[in-house]
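What follows is a structure written as structure tokens; I'll ask about it next.
Order of writing sets the chain letters: A, B, C and D. Residues in each chain are counted from 1.
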Amino acid sequence: HIKDHSPRQLSEETVKMLIQRSQEAKQRAYCPYSKFRVGAALLTLDNCVITGCNVENACYNLGVCAERNAISKAVSEGHRSFKAIAISSDLSDQFITPCGGCRQFIREFGSNWDVYLSKPDSSYRRMTVDELLPVSFGPEQLSLRRS
Amino acid sequence: HIKDHSPRQLSEETVKMLIQRSQEAKQRAYCPYSKFRVGAALLTLDNCVITGCNVENACYNLGVCAERNAISKAVSEGHRSFKAIAISSDLSDQFITPCGGCRQFIREFGSNWDVYLSKPDSSYRRMTVDELLPVSFGPEQLSLRRS
Amino acid sequence: HIKDHSPRQLSEETVKMLIQRSQEAKQRAYCPYSKFRVGAALLTLDNCVITGCNVENACYNLGVCAERNAISKAVSEGHRSFKAIAISSDLSDQFITPCGGCRQFIREFGSNWDVYLSKPDSSYRRMTVDELLPVSFGPEQLSLRRS
Amino acid sequence: HIKDHSPRQLSEETVKMLIQRSQEAKQRAYCPYSKFRVGAALLTLDNCVITGCNVENACYNLGVCAERNAISKAVSEGHRSFKAIAISSDLSDQFITPCGGCRQFIREFGSNWDVYLSKPDSSYRRMTVDELLPVSFGPEQLSLRRS
């Protein structure tokens, strides 16, 4: 399984770039049902940026969130180690936060990396995966001793 | 939308009963793929207990967790206000915690109620929905001002 | 794994009852986002009727459809063999059909049983699981020879 | 909404290439739980090839299939019109078929395009989306008249 990486402080410039890339990705959102656009930009350990947007479905529960899109895309391109993910929406007054499903999907690839929650004005709040999903269930739990 | 209810302290007896019901529900789990049985028991505001187990699928990602099973079952029977949910698994040494997807599903019905994480020996840890899913995305966010 | 059961012709009366039960279940739908109510009623091999409705989530893709609700509920109550499932919606002019995710969930419990697609006036169309999900991927595929 | 495109016969060479790309994508699969690798390669209307693999999760039901990965990736890169998708697995003796959830996700972007089900020896079977998901529920249904 994937090892956790110590969260490393990104430069202010890198954070800005990552948020901007997530805002660009947001514009590709396919969300005719919610009309709630979300974008994500993932920074891999080897400094690639991979973006995703939400892709909805007429059967609402079969859609894919922006964060899961970005991560599964990254995996399909050979990446499994990540430094940070930035998330954008159109909410003016709140930092957009990932849904629980995405927190779990993010956590699969380590608990100790960074999520940048942003607003359209590019202000942001940084949280770790572990702060967003405390006492999480993860790959390790599946192989623990059972009674 | 659903109002939050102040979490009320359940009696020790009620907690025990709820955990036991979740352990019984665990035995109905259909989990030929993970072989990881989970049970959940939900206490509604009007003191009904409604239980669920995980139901897996050959297409792994189409399965349903125990917690989502219990809650959707409760809704289908007319309940939308809950006091607490207890969760059980076969993990000997860890309190089983809900996945992120279930935390989100639980949170739809309020941030301020209780989740009892248990072990097979019936010991438990109590956490609120909000502790399990901090700074959550919920129904309210969908109607906030957008830019 | 679960054996298929030969589809048995239900009496007209039983079909009517099943559709009616699915219509009643529809009224419990929690669908503040789609406002598209769906109900399902499942007939088990031992002639229990178990109903479900859709239960949506602010994170659209974490919701549960009516059909998956009814089946996971049935499993949680000890049933794994089914004769038929009836589905209802508010669409006036079309028989409501299950989404692909639900077809897959239904198919886990056999390819050879019946789905009753209905309209609000209780008219219906009968199809088998196999007709709704031809050349399906199922439990068997997971254990076939791989190269 | 997205218009259907008449399915156009791909050249034998194009089909071969598409299947090969899906086989390459399969090698990126993150499937520690099922150990069932799947790859997909999508041909867009403007002849880009976009690939995906399955990405699983410790909470089994939060994983993403190869087909959904490829399509959501394509959408995130600005594509919404597709000619064909090829799918690969390690099953020696059967053409791999998409799960119901993926059929629904594919169908969102039209009923009248082609799915190439393949074997590791690159032999294949062609089916249309409509053949794989007959009488489907889609974007149109959400806006039909309700009673």
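Just so we're on the same page, a contact is a pair of C-beta atoms (placed from the backbone, for glycine too) under 8 Å apart; a residue touches a chain by one contact, two chains touch by 3 or more.
Values in this document were obtained by computation on a predicted structure and should not be read as measured data.
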**OP:** Consider the two chain pairs B-D and B-C; indicate the one with the greater count of contacting C-beta pairs.
**Re:** B-C
Subject >> Length of the line joining the C-alpha centres of subunit B and subunit C, rounded to whole Å >> reply: 24
Subject >> Distance between chain centroids, defined by C-alpha means - subunit B, subunit D (Å) >> reply: 33
Original post:
For subunit D, what residues touch not just one other chain but two or more?
Top reply: 33-34, 57-59, 62, 64, 99-102, 104-105, 137, 141-142
**OP:** May I ask you to sort the chain touch graph into line, ring, star, complete or other?
**Re:** complete
Subject >> subunit C residues touching subunit B - in the complex, by the definition given at the top >> reply: 1, 25, 28, 30, 32-33, 51-53, 55, 57-59, 62, 64, 68-73, 75-78, 80, 101, 104-105, 108, 137-139, 141-142
Original post:
What residues of subunit B sit close enough to touch subunit A in their complex?
Top reply: 34, 36, 89-105, 107, 117, 120-121, 127, 131-137, 141-142, 144-147
Original post:
Given the complex with subunit A, which residues does subunit C contribute to the contact?
Top reply: 33-34, 56-65, 99-102
